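Have a look at the structure below before the remarks.
Should a chain be cited, it is by its letter among A, B, C and D, assigned in written order, with residues numbered from 1 in that chain.
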């Protein structure tokens, strides 16, 4: 399973990016994949082809009206079927023996 | 104010990274800065020098026993004093007119 | 056209990553796309689907024998057909009016 | 020694970013540190405090007239004094037994 975090935004469309981020989140939220929106990006979980297909859909929507687009993306792949969207954070808390700020 | 997301881990210390992440989170949690741990990194909020000092402290602790260390880091700076750790996510939800998965 | 920079490596396979990087570069070099290997990653140039297909091929080759894989990836898309693999660096040098270290 | 790659640019200052990149490169070129400008960022080499001081100087120059600034940064630290700005690329070429495109 893949955890993929990405942030995608237009260059040259002004200083406020939330309209463009909202359009991507609409695509992500309807994709059916598990995800988490954070203040710095969105984390998707699924197979490689599934998560990349969602990123590609967001890109196609953005370049339709944005002549320049930047994407920053990270993948953490681990063999196996289990979800780590919740468990990675819990593993750190368990090691420290206390609750942490997790949004 | 700066939002800074980073992930820092050793190379060559095996496949499980949570012991090293926990050590960094201990430093972060005690720093007094606002932060959010996500499945893909930790987001700090503060002035440039404050957040960089915390990242440096995590790095010093890790290189003490790790001969190779990787860091991935993103900064989103916006002039002004207001916290955006919560408000960036809310702005996207308000634009879409519905709640999103936020951890 | 898309400029895509990425770095992909296994976690838990020891401290030296060049055998795995070499395997990816073999795939990239044979892909027919324009590219540049740097000390911190590889920059590909092509259409979105072309560059993503190469990244996917590298990922499939790596996960075949690596149970954990990390990928860091950045995209700079600009509408139009012109190559920017050389011209972006030249544009900075022309602004400064002097040659810079470019590898 | 640390290899640090970073890209820093303003949001809301139009689609062409090379004037801002040139200003950072002027700071970097005068810093005395070894570096390499690529089409996707600049790679610095030095001790942690040295490379971070240069990034901070670029940030201070940019925020002086840019109300929103994005930074993407990666570090590859390896214990020891040797430069890897050239040797990492050569190690990959030696493994493959052929020359690669390196800018």
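The definition used in the following text is that a residue touches a chain if its C-beta (ideal position, glycine included) is under 8 Å from a C-beta of that chain, and two chains touch if they have at least 3 such contacts.
Please read all numbers here as calculations on a predicted model, not as lab measurements.
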Checklist line | Winner on C-beta contact pairs when B-C is weighed against B-D | finding: B-D
Check: Farthest chain from chain C, comparing Cα centres?
Finding: B
Check: Where the CA atoms of chain C average out and where those of chain D average out, how many Å apart are those spots?
Finding: 16
Next item on the list: Could you tell me the distance, in whole angstrom, between the mean C-alpha positions of chain B and chain C?
Entry: 25
Note to self: Distance between chain B and chain D based on Cα centroids, please, to the nearest Å.
What the structure shows: 21
Item checked: Residues of chain B whose C-beta touches two or more other chains -> 67-68, 70, 72, 74, 76
Next item on the list: May I ask you to sort the chain touch graph into line, ring, star, complete or other?
Entry: complete
Margin query: Using the touch definition from the top, list the residues of chain A that touch chain B in their complex.
Written below: 3, 5, 7, 18-19, 21-22, 25-26, 29, 34-41, 43, 72, 74, 76, 84-86, 88-89, 91-92, 95-96, 98, 100-103
Notebook entry, point to check: Where on chain B is chain D touching in the complex?
Noted result: 48-49, 52, 56, 59, 63, 67-79
Note to self: Quick check: in the complex, which residue numbers of chain B touch chain C?
What the structure shows: 9, 11-12, 14-17, 67-68, 70, 72
